[in-house]
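Listed next: structures, encoded as structure tokens.
The two complexes that follow have subunit A in common; it is paired with subunit B in the first and with subunit C in the second.
Take a look at the complex of A and B:
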């Protein structure tokens, strides 16, 4: 080859004077602009193709099948309109799912995240074995959900499990022996304890990363001004950590709404639906009872709940953090 | 230089075409299914549930022996745990392609797969083989006069009990009526023995109680009527729930039974096998699983009695509830698959399967390999006056699952007998 490949930006550079990118874009010759678009399209195509194939089309198909009474074989023919959604609204199990989902979200926010934040603050200090602690607390997150589920299934095995051995004979908690996952009253708290164990390390890691971004100078300045440790945390660290916190809350809520694997492996949603989540109910109806239409309606409901939450949260809470990325249509400012 | 350099656009086109080709190649290759290859080689995909002994060892052995005798055939055996197998089959059924050979329990689930056109009709291709097999064991796989699977096991549900525990509690003979049964449960509790082990997490073991009680209260006509009209509000079903509640109120199950699996560690079979519970209501495979799950089993202490009669009920003690295991073939299965099923049930292999303790005979005249307890089961089956297939197999999946869920709720104290009957009726009516 006699000359190097030229990219659109480089080609534009040659004739660039002191114009802003926008002016250049609007005044470039039509042919050149079209060619730029063609290249962009080619670069985007693989990603767009996958996005359509595995995200948008399945969503559309689920929306479509949710309007039918359909067993999953052949074409859906028995059109029921919004019948599946009416059935859903009246289903005590699904209503229970909503309530339990809310409970898990709230518990995650008031128990799991504060634990993660506390651990992160502790592990952000200079101390012996800091790296070891970080690795140990993060380790459960790396474990697959199924392995964690099987593990805790064995720990909470009634009668001979480790948990029973530990609490047996103790005051207050002794009554838990033989219950844990086996009693409708204790199954959800037990599940939540496992969830906390599994996921708090992940949030701790996010917070640790956020804490690295808090400038030591400001903390030092606050200390010189006479601020005690709590004051420094409350008035310097926490506000500067706010973007990280907002992201972590977002991930936690979305994760709770979609909770499935851990529940499926430990309790399959039982005893008597006491740990059932929307995703578990969807699986039960779709792949155990072959009521694909109804299961699709559940998945659409899950999708809507997640989407409404995401949009509202991004609009109101993440606005400052995402400025320019989502809330205001890219670089159109 | 004389060679024109590629333009940007053709460069991109080439790259993307290459990428598409690269992604598509393995997909296309994967489309070639397990049928006959050009060189006469045949691969048979066999999906089974033999994750526990003895079949875990015997199946691969039989497959190897067949391969040795037929060098052109390769048998690819995949074993999944029971519940995982059901999930996998569900996904495969939805995808429209089933393995060449797979385990089936017949009834509504198999019917659904047949209706979807995924199962081979074996009536004529396997007629020779089917003629050697007892008619009762073929029942679950027959629809409209056609047979869709070759059974390899047939049995029924009954109580497997620990004779030593019964003796210790002062129980002279196994109970003949539900009242006697409840009395024996009280005696066992008084003697400090957990009367019954139950795998509540799996739900189907609990369904057995409700199903048997409904059969004993309403008799076979009530069951047939319900299957036909999808109406479970007849007195037989509410009555079954009430009798089951009488049992549940005695708190007869092991601690934590609501999250215990059937064959999981510390579950139902393991409890009985380890001597921690006096009995379980289970099918003919119980002793084998007890042994496998607990590591030892209770050997000669094991006894069997049929589900007791209910006073004033319409059903006979000789009406049996059960089912079998069969192998069905995917619609594209090679003809060698039928031949392999015949090989699996030849005199030598059938004798090994039956005498291993895990299976009941299906081939005429193979009963001689049975031990005393399973001889009892075989006799009860042979002299049965009525036969009811497992409810979660006999009914369409949505109804079967509703029965399991509702009965589990009843046993967990979260539903009344009437609610169970209503919920099941509602699920059946909306089919």
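Take a look at the complex of A and C:
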């Protein structure tokens, strides 16, 4: 792929090869094809180098080290085969991670995304101050997870935080006072509330952009035909928004697979693992207990789960929307 | 007419309720930074009495805070330059030239999006340690640039594709080299797309936590998110001071957002609606 020998020649020949930029198919003579390749290599080289060194090789390294019992120092020597994976499959914490991850995904789908959709529909109508509202709802997304985590850690301080003061004496939520992040039963819902605060504005923005693609004429025609607001939303807006919704679901799932920062800053996974995620477990084993082999196995598991999910989702749900999902995925991190 | 007014009003009321959930924590943070910690815990919802500015001024006059800001700026700018340069070159080749393996390599890059960086962070640490890049800003910059590549590349490629081939043919007739066309004609034309991808890369780098936490262990190169966590550990129960620290850390992000809002939202949503 890297052809150091042909590169000097290519540099001299660049002008000639560039004359027919679109003709470089497989039918071109060998010499010209090679020169074309060499010139293209110059353009691809920096990106390929970066990508191989810091994305693909680490994944290969994790695959390798996951086969060893390894403390992280020196060469891994104690080969255990799939032992780490067997241990992983039986580990109640890791199984709990999977379960909690699923719970967060489900909660996102039934709570966070509907809130985002409702807000988007609301703000898609003409109203005074719309731009300001949009900017405000989106603001938490641009703050780092660490800032959000530290802030809500203090807001949810049991006994003396703002949250206790606000819910104290209220029906339903009053019982939460004094618990929040410190009680295993309420820690995950509290974490989810913070996630909703942080991310719903991002999904709202995506939906707002998607709503631009719903033609006003169709809505007007539906209204003339006697469809009420709810019917118009259900039968016109929602189907036309479907590709956007599918992408937002995709981003939400990929985001929850790698959930780390917010958890680490607020609870470090506790109390008694009640908010622990795969990434937190990986970090605990890799960098606190120095079981790097085992932690590598967790990395590989995360990798496989993301890959299987992405492939299945793109195969069955996204289909033609693929390009779109791909373009905005990095943004939801 | 009256019904419409009522509807409008109730819509505003709804938005205000939602908005207060978003704004109250932020407002609480700004106000709490002016309190003493005793004041903060006994009366969390009240105003400070008296208003104490020394939390904020103390942090603003500390070297540590400014050093962390400086580190974050340096790392974000370097990450962005590297990723945009590498991605623009590659996107140019992907968009305009047919070569064997083009689809394969492009799919490989695009697949990079499916893998959250957290997946690779542990082996990255092992790798960076063997390269001697721990406690070195390059140990954060290069991996960040690599992980930002896929999205940058995809956005730039789709932009480069919109530029007509005749333009390049004309430039070549006038004696322009391939790289000359790329550098002197294509890049200046792609300024809006370059702006979008740069803003995305800057924000991602600015907020990144896990990798800098692992790689930049020492004080010297700590970025703002790592610094916040450090500060929280150090002043665990001095809540008012910790809050003042995060409020000040919010300022650059909010300022940047208000300047680059269009590019940021454009970049985040452009792809999502294409389907």
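Worth pointing out:
Operating definition for what follows: the second predicted complex is superposed on the first by the 289 of 333 C-alpha atoms of A that agree within 3 Å, B and C clash if a C-alpha of one lies under 4 Å from a C-alpha of the other, contacts with A are read in each partner's own complex, and residues count from 1 in each chain.
By definition in this document, a contact is a pair of C-beta atoms (placed from the backbone, for glycine too) under 8 Å apart; a residue touches a chain by one contact, two chains touch by 3 or more.
Model, not experiment: these values are computed from the prediction.
In the superposed model, A:252 makes contact with neither subunit B nor subunit C. Contacts of A:160 after superposition on the shared chain: both subunit B and subunit C are touched.
By the touch criterion stated above, A:237 is placed in contact with neither subunit B nor subunit C. In the superposed model, A:289 lies in contact with subunit B only, and not with subunit C. Touched residues of subunit A were counted for both subunit B and subunit C, and C has more of them. Of the two partner chains, neither subunit B nor subunit C is touched by A:84.
Within the superposed three-chain model, A:281 lies out of touch with both subunit B and subunit C [touch as defined at top]. When the shared chain is aligned, subunit B comes close enough to touch A:183, but subunit C does not. When the two structures are aligned on the shared chain, A:108 is found in touch with neither subunit B nor subunit C.
Applying the stated touch rule to the two superposed structures, the overlap between the subunit B and subunit C interfaces on subunit A comprises residues 39, 42-43, 46, 72, 153-154, 157, 160-161, 287, 292.
The residues of subunit B lying in touch with subunit A in their complex are 1, 5, 8-9, 11-13, 16, 19, 87, 90-91, 93-94, 112, 115-116, 200-201, 203, 254-260, 264-266, 276, 396-398, 401-402, 408-409, 412, 414-415. Interface residues of subunit C, counted against subunit A in their complex, comprise 8, 11-12, 14-15, 18-19, 21-23, 25-26, 28-29, 32, 40-42, 44-45, 82-83, 85-87, 89-90, 92-93, 96-100, 105, 108-110, 112-127, 142-143, 145-151, 153-155, 158, 165, 168-169, 172, 175, 177-179, 181-182, 200, 203-204, 206-207, 209-210, 214, 224-226, 228-229, 232, 239, 242-243, 246, 249-250, 253-254, 256-257, 261, 264-265, 267-275. Interface residues of subunit A facing subunit B in the complex, by the touch rule stated above, are 1-3, 5-6, 35, 38-39, 42-43, 45-46, 71-74, 153-154, 156-161, 178-184, 187, 266-268, 270-273, 284, 287-292.
Subunit A makes touch with subunit C in their complex at residues 14-15, 17-19, 21-26, 33, 36-37, 39-40, 42-44, 46-48, 50-51, 53-55, 57-62, 65, 72, 115, 119, 122-123, 125, 127-128, 133, 135-140, 142-147, 150-155, 157, 160-162, 164-166, 197, 201-202, 205-206, 208-210, 212-213, 243-244, 246-248, 254-255, 257-258, 260-261, 264-265, 279, 282-283, 286-287, 292, 295-296, 299, 302-303, 306-307, 310, 318, 320-331, 333.
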